[in-house]
Each structure stands twice: as structure tokens, then as C-alpha cells.
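Note that chain A is present in both complexes that follow, paired respectively with chain B and with chain C.
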Partner chain A sequence: MRDIITPVASIAASLLVVGILLAAIGINPFEAYAVMFTSSFTSKFGLAELCVKTTPLILTGLAVAIPLRAGLWNIGAEGQLYMGAFAASVVALYSNLPSYAMLPAMFLTAAIFGMAWAAIPAVLKAKFDLNEILSTLLLNYVAIYWVEYMVYGPMRGKEVYNFPYTDLFPDIATLPRFFGTRFHLGFFIAILIALAIHYIVNKTDFGFSLKVVGANPRAADYAGISRQKVIVYSMLLGGMFAGIAGMIEVSGIQLRLRPSISTGYGYAGIPVALLASGNPLLVMASAALFGFLYVGGSVLQTTYSVPIGIVYVFQSLIVLFIIAGQSLRRRD
Partner chain B sequence: METLLEMRNIVKRFGNLVANDHIDFEVRRGEIHGLLGENGAGKTTLMNILYGIYQPDEGEIIFEGKKVRFRSPKDAISAGIGMVHQHFMLVPRMNVFQNIVLGYRTPHDPLINQKWVEERVEALSEKYGIDVALYEVIMNLSVGEEQRVEILKALFRDIKLLILDEPTAVLTPQEVDSLFYALKSMTKSGLTIIFITHKLKEALKVTDRITVLRRGKKVGTVKTSETNERELTRMMVGRDIVLDISKPPREFGKEVLRVEDLWVKDERGNYAVKGVSFSIREGEILGIAGVSGNGQRELEEAIAGLRKVEKGRIILDGQDITNKGVMERESIAYIPEDRIGVGLAPSLSVLENLMLKDFKKYRKGFFLDFDEMEKKARELIEEFSVKTPSLHATAGTLSGGNIQRLILARELSRNPRLIIASQPTRGLDVAGIDYVRRRLIDAAMKGAAVLLISEDLDEVFQLADRIAVMYEGEIRGIMDRKGANYEKVGYLMAGGLEVTA
Partner chain C sequence: MVDPGFLASLLASSIRAGTPLLYATLGEIITERSGVLNLGLEGIMITGAFTGFAVSLATGNPWLGVLCGGIAGMLLALVHAFFSITLKANQSITGLMLVLLGLGITGFLGRNYIGEVAFYLDPVKIPVLSDLPYIGEVLFSHDPMAYFAVILAAFLWFILFKTRYGLEIIAAGEKPEAADSMGVNVDRVRYFSTLFGGFLVGIGGAYLSLAYAKLWTEGMTAGRGWICLALVIFSGWMPQRAILGAYLFGGLDVLSFKLQATGVGVSYHLMKMVPYVVTIVVLLFSVIRKRAAFGAPAALGIPYVRGKKE
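Moving on, here comes the complex of A and B:
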């Protein structure tokens, strides 16, 4: 019961504070929230956009949630997402694979690159106990600037009028879309992965080890569970999903590689995972909440000229309230 | 003798738990009054109320004939009550002088009147027979010396009543004797002492009267000269528990564990175990006596595979396991000293904690067989009578005794060849102590080799076939139980060199 109180209270408190902020700039918060709600839920296009935004958030939420279960903070989902997107783009643009092999190959290389990017902080943590918060965070910038360099330089397209884009992917390298909207196959991939992870963390011996390491690392040592292995594996899994999120974004939505492929999905994965307290099924729900904020936020921007930044304000508030709630609970 | 302190009808509740249930407690001037009870009986709560740390929900306190109410320890101290806690409250980097005057206004405040303090400490030392080196840094003192500083610090504040919370828990037998001597001389000079303990022998030895608490209620107050161990036990636990268990004789089998010239470092990189050698056979219990912090933890962790061995060898059933991981030491059961920090994942369920070491054996295909795990866990809970609301209850919410039963259930059910039991009964109540000791004897009788590491000499003498004493990382003599006595072991524990008998 108490597990539910903290997230629900955090959401409510964040809504309240954002409402006050909106009121302060002369916008009726009830109206604004109503507009956000109707725009996301009352039309086919609204619902499709909701799913489009939710898809990468499920994956980056998992990318944070799995290491979190072992007590590790993966702040690097953003960078892992960029590396996944980069890898998928290279395959899409330069591989000339036949159509049946194209998407699977993009999927695999994106997963591998995301994993590789997460492997660096994972190994540093396991071998030298280097703080993973710092190393994952800093590697984000390396990945983002790497992609920027590629699209300004070697990978810049021939038909892009000097914009920092690659060319559009060939059709065989794009994810199928449905209902005449941007709703695409990636949504189902994300749901399937979340379900699979649910079984892995709750039903397998790896999931058990993960839980023990997260609950008490010294008890894990005592029980003969290899902490190093659990650290590396959980980070690799996390990096893999963030990498897949990158592939899904470029081949489902952007259809090319460009500098700002992610509007902070990797960072949003942190509140998504926290709100779900690391539970993969709840990650889907909290990803949907944040997806709603993204969609509603852009509607606020067009209707009231409120900067999209309000979404990030909301995200940060939720993190703050959850952390505050947890420390309050620890005290009694 | 006149009454110095009266606590009437004291009630203290923590949520649903009634820690003190209408307790009347009366102390006379100049006596040593023992406050006896199992862990969780409410002794410390009652004294924390007296000392102003807690406020009572009901009841009143009369001190020196006046009704008083202490809102904080400061009030209690200025009324003349001092308390020495189980865990000392000294600043390790400061010297004795600084610790004594800390928070005290000497004449000429804010300047510290050094001469005045020195004279006063000297007078107190002489009066009560407690010696301290005034300018020694606390870090360099032994535990016994630290305790003397704590007592002196209280006396320095002109107290009339001194509360000692489990003062002997960390002392060697010799230090206990000298503490008792000092306490007697303090009462001769008019001081009154409340002595909190759960050790019967000590209560009988040093007190004038004893009040027994059980589950938050007062059972009664008796004159020490008119009672005995059996009566006190009955008062404490509500039934007779035969505490004089001992291990029956048994033929010893093959050698199970051999440790050869073992050197192990502590966290700071200093050698904590210095060239230790011993062996244990099937059916044998080797007791390692010694005050905590003399390398016992490093020794047990090295044998359990949790700590790197710098030099020497560990041989288990003829195989060299010196550098093997925990998984390759499956036949070792380990009941660690720090049960909650090492032996348990307190935030996980009872089921998960029971399966902490064996969950991989329940793999069926890709998934774990949770039904099978629950079945096994249910059996274990039954067999070791772990009291828990359910298998899915959070392990950290169990009582200390049930946590230890849970750990025993997990460790002993794996048919170990070697059992390392470190301070296995510390902090448990009498029933729990009895249970754990019987289980260990039972395991040894069935053929396991047991390494018992304990500060509790009674325990070592009850269980061990051979007794070794550990002091500053070395084993000071290994002797047969028959050839050992408390004086000899105590002498070695305090750093004495082996006496050739």
C-alpha cells in the first residue's frame, strides 16, 4: 500500500506546483490540463502520438530500471540511445542488405552499440569501483557530440541542402506505420521487451541475484553471488534497451539521423524508472504518463505559447518529490 | 536506607508496542540496584525515560523526594543523574581531559580552568579508585579504559545516581572484576548505581537488590542475598530453562578444516590475523574466545572466502581452498557476527532470504521454480520454528531471535561439513540462546566440524571441546576444555602470555 503512496503523491504534488507556475504566467491550470488531456486522448492522432512518445520512454525507463534494481544509477541512457541510433543509421544507409535482413540487422547493431556504450562504465564500476553516475553521465556528451560530428561531416546527406542530416533511410529500413498516423511497430517491440524483462527479473536466477545485490551487496558477497557479474550484466541489458530505443526513433519517426533525435528520452528514463520503482510492468504505465506529458506539453506550446521546458520542470519535480518521499519514509 | 528514586506507574508505548507497562521502580540511596531482563524487556527504555531521552506516556518520577520531569538528559544531569551507555559517547580524536570537560562550564567560563579540572579529576580518581591518563587520546585507550573515562565524566558532573547500561558486554573478565571493585567503592562513598544487565551471574555478584522486568512489565524486586540463579531465570523468562547445557563427548573423525600460518589484513591494510594455525575434526567444536576486535572477524571472513588471504593456507577436507570463491566453499555454513548487515538482505522476504544461497538449484529450464522454493522454505520454517507472519514478510521486520533462526535454518539445512558460528547468541534472549547452542551441539554430534567464535566465556565453556584464545591477531594457546578454567582463559584474553601448566 505504501509503495503506491509515494508515486501518486509525487505526481499530485508535481501537478500542483506546475499548476501554480502556469497560474503565475496567467494561464488557468485547470483549462491547460483539460486541453492536454483532450488533445492526447480524444482523437486517433492524439492517441497515436501518445504511443509514439511512450515507446522510447518504455525502453529508456527499462534501461534505468534494471541497473536500479541492482542499486546502480544508469544516467547514460541518453548516450546509449544516441549510439544505438548511430549504429542503426550506418546499417540503414550503407549496408545494402536485402529487405528481409535490413530491420533485424539494424535492431541487432543498435542493441550491440548501446551495450558497448554501457559496457565502459559497467566494467569501470565492477573492476575499479568507479562511480557509475559520473561515468554514464559524461559518456552521454561523448555520444551526442559523436553523432553531431558524423552528421555535420562524414555522414551528411547529398540531398539535404547543407542541413546537418543524413539522407532519408531507404523504405526497407523504416518501421511499418499503421492507421495513417505515426503510430509504428516500435510500440509493440517496446511492450514485448518490457514483458520479457518482467519475467526475467521476477522469475529467473539472474533476476534473483539482481535483487539481492540491490538489497544488500554484502549479503550478495556472503551468498556467493558475483557482484561484478551482476553489475556488468544489468548495465549491459540497460544499454541494450536504450540502444534499441535509438534504432526505433530513427527508423520509426525521424527516418534519418540528425543531431537532436532525442528530446531527452534518456534522461526522462530516470523519473520513469523511479516512479515505477524499478518494476518493468509499472515502467510501461509511468512511461505512458511521461508520454502524455510530452504530447500535452507540445499542445500547451502551440495553444498557450508555453515553452516545452514545462515538461522538463514537471519531470524534475517528480524526481525531487519521489526522492523526498523515500527519505521521509526511511526516517520513520 | 532512604529512598533516592521512585518511578511510579511508568507507561511508554511505541505504536502498538508497550515497552513499559505500568512499571514501579524504587532505588535506595547507596545501593547497587540490578535491572535484569531479557533483550526487549524494557530495561533500557525505562532508564532512557529516567535520563530524559524519552518522555513517559503515563506515570511520575520522584527523585530525592521531589517530583521531577526531565525534558532532556541535560535536565537529568543537572538533577544529579549520570548514564554510561552501552555504546560509548566519546570523541575518539580528543584526549581524556577534553572529553571530560566537553559541554561542562568550569569556573572562569568561557576559558577552561585547567588546574581546577586536574585537581578535581585527581580527587575523584583517588576517592573512587579509578585511574585514567588525563592527556591520552581516546583512540589509544582500551575499551575498559574508555569505560572508566565515561564513568569519570559522569562523576565529574556531581551526580548522585549513576546508570550503567550493560557495562560488562565489552570487557575481559579481569576488567569486569576491576569495574565491580570500583563500583563497590563508589557506593561506599555514597553514590547510588543502577546496573542494567541480562547476565545473571554478574547481577548476583555485584548488586544489593535486583528488579526483574519481563516483556515491559515488572516481575518483582528481590534482595540479592536471598535469591539464586534459578529463581532469577524463572523470573526473567517465566519458566525454567536449564542453562547448563554442555556438549556430550564424542569420538572425533577425520580432520575437516586445517588452517596453516594464516595472515589476513583488515580494511585499513594492517595485519589483523598474524600467523594463525589450528585444525578441527568431524564432530568437534573449537571455541575461539577473545574480546571482539582481536582479528576474529578477519579470520572468519578469510575462512568463509570473503576476505583475501595474504599468506598461509586454508585446507578443507584435504583440498586447498585458500584462493577459492564462496561458491567453491559450499560445504561451509557461515553464521556471521553481523547478522543483519551480512547474513541477511533485510528488505527482501523471508522466502528470498532462506533461498539466498540455494536459489540456483531451483532452476527449471529458464525460470526458477518458486513453488518448489516455497515448499522447501515452509519446511525450514517449520523445522527451525522461525516465527513469521508469512513467507513473504520482509525479513528485517522479524525479531532478533527469529532472524538468527532464519539464518540457522538456511545454513544448517545445507548439510555443511564446517560451521563457522560467530557470536551466534549475542543479543538473543535466554530461550534463543538455548536454542542456538543446542542446534550447534546437535550439528557437531551429527559430524560437522564447528568453529565457534565468541566473547561469551559461558558459551565457549558450554560448547567447545577445545578452547583457543585470540589476542591481537594471534592464537594464545589452544587447550582442552577439561584443562581450561575461566581464570586462565581470561588471563590470555587480556593479553597475558601462555602459562606453562
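Moving on, here comes the complex of A and C:
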């Protein structure tokens, strides 16, 4: 029961602080929260948007959570997502694959590119003990500028009136949508992956070695677990999920490659993973909570022109309050 | 062949672009020397940039803006200090959340300031010296804050290595238990260093909006906070070495603009990657050479709990 109290109290405290911020710029917080809630939960479009925003957050949450179990900080999910999106877009636009092979091929190349992008910091960490927080983070900028370079240059579409986009993907390269909304197949893919990871983490040797390396690196050495291997594999796995998130965003939502495919989903993966304390099943729940904040945030943006920054404030406050709560409880 | 005029203007703007990095790097060096790892530089810098800009716009005084930017940085650093020193929480998490908090809050409060024109720090030409050909432009035509950054680096070197305060800071970061038994109040030293560090990082941010870019946009720090964290490692936690590193990276920052203006056929977007790639390469060299000259404070990032053995 006490496990519930800290997160709930933290969310409440964050709502309070953000409410004060909203009031400070002249918006009635009760009204704003009511609008956030009704827009997400009272129509099929609201619920569909909730799932749409939750989908990438599940994957980036896992991208942070898995390396975190081994004690590694993957702050690079944003860049891995961009590289996955880039790879999927190349396949979608230039491969001419038959329809049955198109989506699987996009999925695979996105997974591989996400992994490859995570492999750089992973290997640097395993070989040279290079701080992975800085290397993953810096690579985000490289990946984002790479995508910018491609859509401003070689991949710019012929039918986009000089906007920095690619052309629209062919229909066979887009994920099926349902119920006349933007709700798409990617949601189920994300759920399936989370369930698979739950199994891997709890029932396999690899899951066990993750835990040992994270909890006590020296014990890992005695148990004959190669720390280097676990570092590299956990990071690769994380990069793979973020890469898949990128493919799902371009083929499910954007339907083309453009510079701002992610509104900080990769960074939001950090609080998602922390709130779930690295547990893959809980990642789905906390992704849904943050998905709600995203939907609510964008509704506030359109109704009251509140900048989306409010979502980041929420995210950071929730985590800070949780840490404070945990520390206070430790002292009892 | 390189045109000396081009070179002089490149070097001069490298110093301007490097100055915000220098303030932030110096701040983080002091923080880390005391044993506190503050990963939140990006969030603190952007908060300093916004606060400085808003205060300068409201009061017409850019100097008050710089001061308030520093104070805003100090307030965010206070959050970090409270979590990592008083609550003994994981310093990486708090730092990362400060980044989100700083970016979020400035995006939220700053929406009405985009496109505004505030009051900026103007260059002061040093008489006679600034008339020297080329050298005058590179070294003697900056705003006072740019000169002050170099003096500050020298001052901090002196404080850290030649005074008792510096000794206490270094002791708190290297061997907190020993410092404690010598009568040093480790928590107090760490609080002070973290707040002072946050103040300088905030000033670096304010310099960015009030002297370098001369505007406010959302997310305008664009990763400079992270580059400064790498610069701390690159400089081996030595204030005097931070000068060179900051100007070098300032130079990389302006090179893409300058090259494009001269019509060299390199993509602007590819050039923008360069500082980040170079940072990773430099980090790599620093960690490989670690045993020689580079050394992190031994207790960096580890909360100090009195009477608890490792």
C-alpha cells in the first residue's frame, strides 16, 4: 500500500505546483485541469490520442528502463528514435518492396539503426568507461541534425513546396489506423514488446545478469557475468526500442520524415522509467500517465495557448517529488 | 591561405561564443570539486538566459539582468543541493530533472518574450590597445563580462589551490570523511560550492541571451550545458585550463556560420554536428589519458553520510 502513496502524493503535489504556475499567467487551473481530463477521456478521439501519445512513451520508457536495470543511463533515446525514423523512412521511400515486406523491413531497419546508434556509447562505456550520460546525450544532437540535413537536402520531397519534409510515404508503408481516428497498430506493437521484455527481464539468464550488474557489479564478476557484455547488450536493447518508436511515429502518425518528429519522447522516457522503477509492466502504466499529460498539454496549448513546456515541468516535478518522498521515508 | 581579417574576426567571435561556456564550466568545476555532480547545467543555463533577458527588458539594465540570471541559476542549484546533500538522493536523477524543469519552465514563461528586444551588454573598446591591427579586434574589443571571465578563472585557480577555502572544497570532494574529522563542515562546503556554481552557470546563460545571441528563444542553450559538462572533464577540473577549452568550443560554434558566410560548400546542418562530435572525441581522449593528468574528485557524485563507512 505504501508503494502507492508516494507516486500518488507526488502527482498531486505536481498538479498543485503547475496549478500555481497556470494561475500566475492568468489561467484558472481547475478549469484547465477539467479541460485536460474531459478532452482525453470523454470522446473516442480523446482516447485515441491518449493511445497515440502513450505508444512512443512505452518504447522510450523501456529504452531507458532496461539499461537502467544494469545501472546505465540511456539519455540518448531521443537520438535513437530519430535514427530509427530516418532508417524506416529510407526504406519506405526508396526500397520499392512489395506490400507484405514493406512494414516488416521498415521495422527491422529502424530497430537496427536504433541499436547501432546506441552501440556507440555502449562500446565506449564498456571499453573506455566513457560516461554514457554525456555520450548518449551528445549523440542526440548529432542524430537530430542528421535528420535535418537529410530533409533539407537529399531526402527533401518533390511535392512539398520547399518545406523541409520528405514526400508522403506510400500507403503500404503506413501502419493501419482504426475507428476513424489516429489510433494505429503501433499501440499493440508497443504493448507486445513491453510484455516480451517483462518476460525477458524476469525469466531469463540475461534478465538476471542485468539485475546483478545493476545491483552489485563486483558480485557480477564473482558470478562470472561479463559486465562489458551486459553493458553493451542492455544498451543495444534500449536503442532498439527507441528506434522502433521512431519507425512507429513516422509510419503511424507523421507519414513522412520531418525535423520535429518527436516532442521530447526520448527525454520523457527518463521520468517514465523512473516512475515505473524500471519495471516493464509499470512502464506501460506510467507511459499512459505521461501520455495523458502530453494530450492534456496539447489541449491546453490549443485552448489557452499554454506552451508545451508545461509538460516538461510536470514530468520533472513528479520525479523530484517521488525522490523526496522516498528519501523522507528512508529516514523514518 | 587564410585571410588574416577572417581569422581575426573568427578568433574574436570564438571568445564571445566561448565566454558563456567559460562561466558555466567554471561554475561546474567548483561544484564538482566539492563532490557534487550537477548534471542540470543545460536547465540552469537556459533559466539564467531567460531570467537575464526578462529582467533586462523590464528594468532596462542588462547588468541587473546578468545578476538576476545568476540568482535564478543559484535557486535551481539550491534544489539540486537540497536533494543531493540534505536528502542524499541520487545526484544524476536530480540533475537530469533540473534540465527538464529549466527547459519546461522557460518555455512556459518565455513564450511572450520571443522576438522582444531587450537591453544588451555592449563591447567596451580598450583605448589604444583596441586600435592595434587584428590583435585589437581579437583581444581588446569585448564587453566587460568577457574580460571578467578570464579574471574569474585566475581568481578561482587562486582560491582553489592557494587558500584554505579551496583546500576545504577539494577535501570535501576527495575525502569527505577526512575533511569531516579535520573539522570541515562537509555539507556546508558542498552547499556553498553548489550554489556558487549554479550562480556562475546562470550568469553564463544570461551572457548567452544578453551579450552573445542578443535575443531570447526557447531552448536557445542548444546543448551548451552538456558541452560544459564535458569541458569540465577536458580541463581536468582546473579553472585555468577551462579558458582554452571554452574558447576552442566557442570557435567550433561560430565556425559553421563563418564558413557559410564565406561560401565554403559545407552543409550548415552537418557543420552544426561538429561541436557535439568533437566533444565526444575529446571526452574519449580525456578518459584514456585519465591516469596521467586528468582526475575526477574521488568522492564525486557520492552523498556524504556522517559516520558511514564505505
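Note that in this section the second predicted complex is superposed on the first by the 315 of 332 C-alpha atoms of A that agree within 3 Å, B and C clash if a C-alpha of one lies under 4 Å from a C-alpha of the other, contacts with A are read in each partner's own complex, and residues count from 1 in each chain.
Note that in this section a residue touches a chain if its C-beta (ideal position, glycine included) is under 8 Å from a C-beta of that chain, and two chains touch if they have at least 3 such contacts.
Only a predicted model underlies this, so the values are computations on that prediction, with no experimental measurement involved.
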Q) Which chain, chain B or chain C, is in touch with more residues of chain A? A) C
(Q) On the A-aligned overlay, A:223 touches which partner chain: chain B = first, chain C = second, or both, or neither? (A) first
Q. Is A:212 contacted by the first partner chain B, the second partner chain C, both or neither?
A. first
Q | First, second, both or neither for A:204, with chain B first and chain C second | A | first
Q: Check the residue A:4 against both partner chains and state whether it touches chain B (first), chain C (second), both, or neither.
A: neither
Q) In the complex formed with chain A, which residues of chain C make contact? A) 39, 79, 83, 87-90, 92-94, 96-101, 103-111, 218, 222-223, 226-227, 229-230, 233, 267, 269-270, 272-273, 276-277, 279-280, 283-284, 287-288
(Q) Please output the residues of chain A touching chain C within their complex, sorted ascending. (A) 21, 25, 73, 75, 124, 128-131, 133-135, 137-139, 141-142, 145-146, 148-149, 152-153, 267, 270-271, 274, 305-317, 319-320, 323-324, 326-328
**Q.** Contacting residues of chain B [partner chain A, same complex]
**A.** 304-306, 325-327, 329, 334, 336, 341-348, 352, 355-357, 359-360, 363, 366-368, 370
Q. Can you name the residues of chain A that touch chain B in the complex?
A. 199, 203-205, 208, 211-212, 215-216, 218-224, 226
